[in-house]
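In order of appearance the chains are A, B, C, D and E, and numbering begins at 1 in each one.
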Amino acid sequence: MNMYTIVLIAILVTMVLAVVRALRGPSVYDRVLAVNMFGTKTVLFLSVVAFLSGRRDFLDLALTYALINFVGVLAILVFVQRRFSVASSAKSED
Amino acid sequence: MNLNEHLAALQIVVPLLAVPLIALLQLRRMAWLVATLTSLMAFAIAVAMTVGVLNGQDYQYFMGNWQPPYGIELRVDALSALLLLVITAASSAALLASYHSLDTQIEPRRHALFYAAWILALAGLSGIAVTADAFNVFVFMEISSLASYVLMAGGPDRRGLPAVFKYLILGTIGATFYLIGVGLIYMMTGTLNLEDMAQRVTQVADQKPVLAAAGFITVGLALKAAMFPLHLWLPNAYTYAPHVVTAFLAACATKVSLYVLLRFDFLVFQDNLVSHPLRFASLLMPMAIFAILIASAVAMFEKNIKRLLAWSSVAQIGYITLGASLVTVSGLTASVLHIFNHALAKGSLFLAVACLAMRLPGLQLRDLAGCARSMPWTFAALVLGGLSLIGVPGTAGFISKWYLISALLTLGAAGVALVAVIVIGSLMAVVYIWRIVEQAYFQAPSNPAAPAAEAPLTLLVVTWVAVLANVYFGLQPALPLALSSSAAAALMGATP
Amino acid sequence: MELLGYYNYWVFAVVLCLGLYTVITRNNLIKKLLGLSIFQSAVFLLYITMDKVDGGTAPIIQKGVSDPIFSNPLPQVLILTAIVVGVSTTALGLAIVVRIKESYGSIEEDDILARDSEL
Amino acid sequence: MTILFAVFLLSLLVIIAVAIIRAENLFVALMLTTIFSLLMATNFFILDAADVALTEAAIGAGITTVIFLGALALTSEHEKPFVAVPWLALPVVAVTAALLIFASFDNPRLGDPEAPIHQHVVPWYLEQTPKLVDIPNVVTAILGSFRAFDTLGEVFVIFAACIGVLFLLSARKPSETRCTAPASVGLSQHLIPKVAGRFILPFIILFGFYVQFHGDFGPGGGFQAGAIVATGLILFALLEGEERALRAFPRWIMMAMAAGGALLYALVGVAGIAMGGKFLDYSVLSSDPIAGQHLGILLIEAGVGITVCGSLLLIFHAFAARESF
Amino acid sequence: MNQVLDVLSWVLLSCGGFFILVGGIGALRMPSFYTRMHAASVTDTMASFLVIGGLILQAGWSLATVKLVAIILFLMLTSPTSSYAVANAALLSGMKPDTKFKANKGGRES
């Protein structure tokens, strides 16, 4: 049973590190990086806990997380890119 | 498969079935036609159920044929029947009036979605009145709230948007407080059906979570019902909403939350929590007194007619909560009666305002100067509605004021003080109705060159039907009286 | 150790009041909506804390297992509904904020009041 | 064991909530909200609420983020620093918190089997579901059959939000703010995400259908499936840009889906009446009551999935189209 | 046979845990954005590959393995893509990678 606990502890510690990076991150992209890291860690956390609790049919939750994480990061990037292109077009105008 | 047995379910299913159809209809007048037919059908179902309830048949309907604590149960008794009548009648009258009134406010291509949201609000409100399951009330409360946010945000005036945003924030906080209250009670009793909850709450009566639940539910529903200290969203939301929406929602939206408060307090908490009647009365009575006095005072100094009537709505809700806070059968009868009569009076007044808005440039008092001569029928309706609001004998308002005062007199000394409050409230109502009348009849018209023409015929007919209903139920109050007295007896005795 | 059993309710109370505080004090309309969604998430936490049974698993009946201990399925059904209600209210609130931005030019509450009083 | 995880994750939750409130830049606050809903979903998973964890992830983290981004794109993302003197708010909120914490001592301890909610209604559900409805996932059985009326109300809540957003955002813009924003061109310069996204899209839609029909046997069902399929189609709109997305999946199909799903759900209920049972009574739908229950739950889950997918797509496209309106 | 599988999956899992920790610490302590990006994204993919590989050994031939393989394939495709997209967007929006760090023998210039 302790085989999983080591990994779980590692995942939880990394989650805290990701949160610290999200809070401190100077630039917007540091925060996007933190969200991306946090999402992947959640996927791993869920897969390991599914095995820990013996309910192995919950793995499709982990798959959904991975999907949501990917679409979330892309949505943020489209927003930032549009914000950047509007800013650049504004700069080019004046 | 006679339809009579399914009436309780059809009351909600018919509007719900119509909503997707209306949303898909892009033809110009079809959306309005289907919406009005649905509303009239719902009104017919409500009347059929009222007749059934009056001769003793108690509608009980198990959804999906599951027994109550396991499935969801619909229950229609006298109180629900009266409320259903008010909701469907207000919706039908306002929809008939909206044929003309809406074109001046919303582009025709958005009418289909507007009427879909309207019928959703109707379905949500009648759902709350019919269901007997605590969580189901929350779901229908959300449907009716979302739909009324959409309706109120439809107006042309840009100031309506911040007002509706404030209403959305406060309404969601109120609904979530109600959800917390239901959650805490469910945590201690293990059931969601109101009947079942009433029996099981006796064992856990005086534990802290149940008291906290009572607090949360009362505050949440007071927020939704715009009771005095929590009414800040109401005046602006009603003023900048489209006129027909104000006519519909002013008549029934806040009453539904009061209905849920009455049902929860008198069915679940009343005889189970020790000294709850004292706590309930000591909380609601001061709020009601302040509502009557302060809201009427503010109404006296209002410039815009719609905001004036909105403030008077806050005062009238004060009358209803005053009757309920007496925790006696006669007090409850008066309060339920006033739900019915206030809907009539306020509905007809706002319909008359809709007629005014068709012809006048604005709704400020100075725009009304001297228009009585050119719009005689509209102002006659406005005056009659005002009299019913004040409570002049011969109108519906008088009946509920009369029963309220008789209920208060049974309290002895304290009762006399409360009667004084009601008299002062009515005098203030006289003042703010007189300001409208004095402006319309005795002022010189501001621009004699362009006298306003009379409002379109269909709008006038609907307004006058509402006003005549006021007078009819003033002289012949048998129907609302029977319903409210049996409702009060059921609530006080808590006999299912 | 026993006190830890109540930790969930304290977190519910703290997160609820954080959301309420945000909605009351913050001036930006979108920040108010964020506060509102935190406020509603706290209620979800209250309901789901109720359904846990010691040693219980998710209420999905598996063929092979002998009499298993199940956690309570009913609060989960209620919260499925409440999550969708939360999203619907947020979506409608955002639509109103977008309309306010277009007609007032700002989504700060004091700017809006100032622009209204000019009329 | 689970209590340690729960305590750890919940304290992380409180830290994130405080961070969201203090974040000046709204865009930063939104990203912290994504982490907040991911944490909530993990908490739900640890407290044995698999269905709710799936919904919170699919709807809470996925759709809410995308809708907030759509709204932020139309408004400003910088919050004006407003030094509020919280002399009123702080005591009110502090009193509510104190009252709640004080009231929490009588609550049943976390996981206490003797708590009243495990005694009364739920044992009936757990033993009757195999006999009456005979599907493994008790949550879907309650959602679909015992309390189907709640779910019907739920479908009309999401439909009301969809109608509301369409109604509000179809109003003509006041003339002076008609800014000429560049039509959303999606991730044009990012070739690799486009290729990866286009490769993954069919699998996302397939996974959505799997969650839809797997709802009876494991965590899943109409809400989650609708949200996942909607997220997939939103991914397509993000990558390819607004016009191609609307050409691939036109607006009238979405409106037909949103209205059709709600109608399908209500008609299944009315069929129950027509065949002699009560409203939403599936046992009468076919000769054998159990088969009737299966058919009923399958149909209404399909109705829920279709409506949720159509409504969420309409809401997203309403926000996205508002720029080039 | 079972013993070997357990030891092997234990090794894979602890390596995965190690890589996760390295990624987390790297993301926190690296000076600039691109170095953090490098630290976090590379170890992310590697760690998830190892951890889920360890789980597959535990699951053996069953439905869970199919799901785990699906998760691995999905993560292996999306995780690098999203990291690339973040880095690309950062570069496009004008974040210059610091070129100050010249590899000199003694202490490094901050």
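Criterion: a residue touches a chain if its C-beta (ideal position, glycine included) is under 8 Å from a C-beta of that chain, and two chains touch if they have at least 3 such contacts.
Computed from a prediction, not measured in an experiment: that's the story for all the values here.
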Chain-contact steps, minimal, separating subunit E from subunit A: 1
Joint neighbours of subunit D and subunit A, given as chain labels: C, E
Chains touching both subunit B and subunit C: D
Reference subunit E; chain at largest CA-centroid distance: B
Chain whose mean Cα position lies farthest from subunit A: B
Between C-D and B-D, the pair with more C-beta contacts: C-D
Where subunit A and subunit B are represented by their mean Cα positions, the distance between them in whole Å: 48
Chain centre separation in whole Å, for subunit C relative to subunit A (CA means): 21
Computed distance of Cα centres, subunit E from subunit D, in Å: 30
Distance between chain centroids, defined by C-alpha means - subunit B, subunit E (Å): 60
Numbers and ranges of subunit A residues touching at least 2 other chains: 18, 32, 34, 55, 57-58, 60, 63, 67, 70, 74, 77, 81
Subunit C, residues touching no fewer than two other chains: 16, 20, 50, 57-58, 60, 74-75, 78, 81, 85, 88-89, 92, 96-97, 99, 103
For subunit E, residues contacting two or more additional chains: 74, 78, 81-82, 85, 89, 92
Touching pairs - complete list by chain label: A-C, A-D, A-E, B-C, B-D, C-D, D-E
Touch list for subunit C against partner subunit B, complex: 16, 20, 23, 29, 32, 36, 39-40, 43, 46-47, 50, 74-75, 78, 81-82, 85, 88-89, 92-93, 96-97, 99-100, 103-104, 109, 112, 116, 119
Subunit C to subunit D touching residues, read off their complex: 2, 4-22, 24-28, 30-31, 34-35, 37-38, 41, 44-45, 48-62, 69-81, 83-92, 94-99, 101-103, 105-108, 110
Of all residues in subunit E, those that touch subunit D in their complex: 74, 77-78, 81-82, 84-85, 88-89, 92
Subunit A partner contacts - residues on subunit C that touch it in the complex: 57-58, 60
Touching residues (chain side subunit A, partner subunit E) in the complex: 3-4, 6-7, 9-11, 13-14, 17-18, 20-21, 27, 29-30, 32-34, 36-37, 40-41, 43-44, 47-48, 51, 56-57, 59-60, 62-63, 66-67, 69-70, 73-74, 77, 80-81, 84
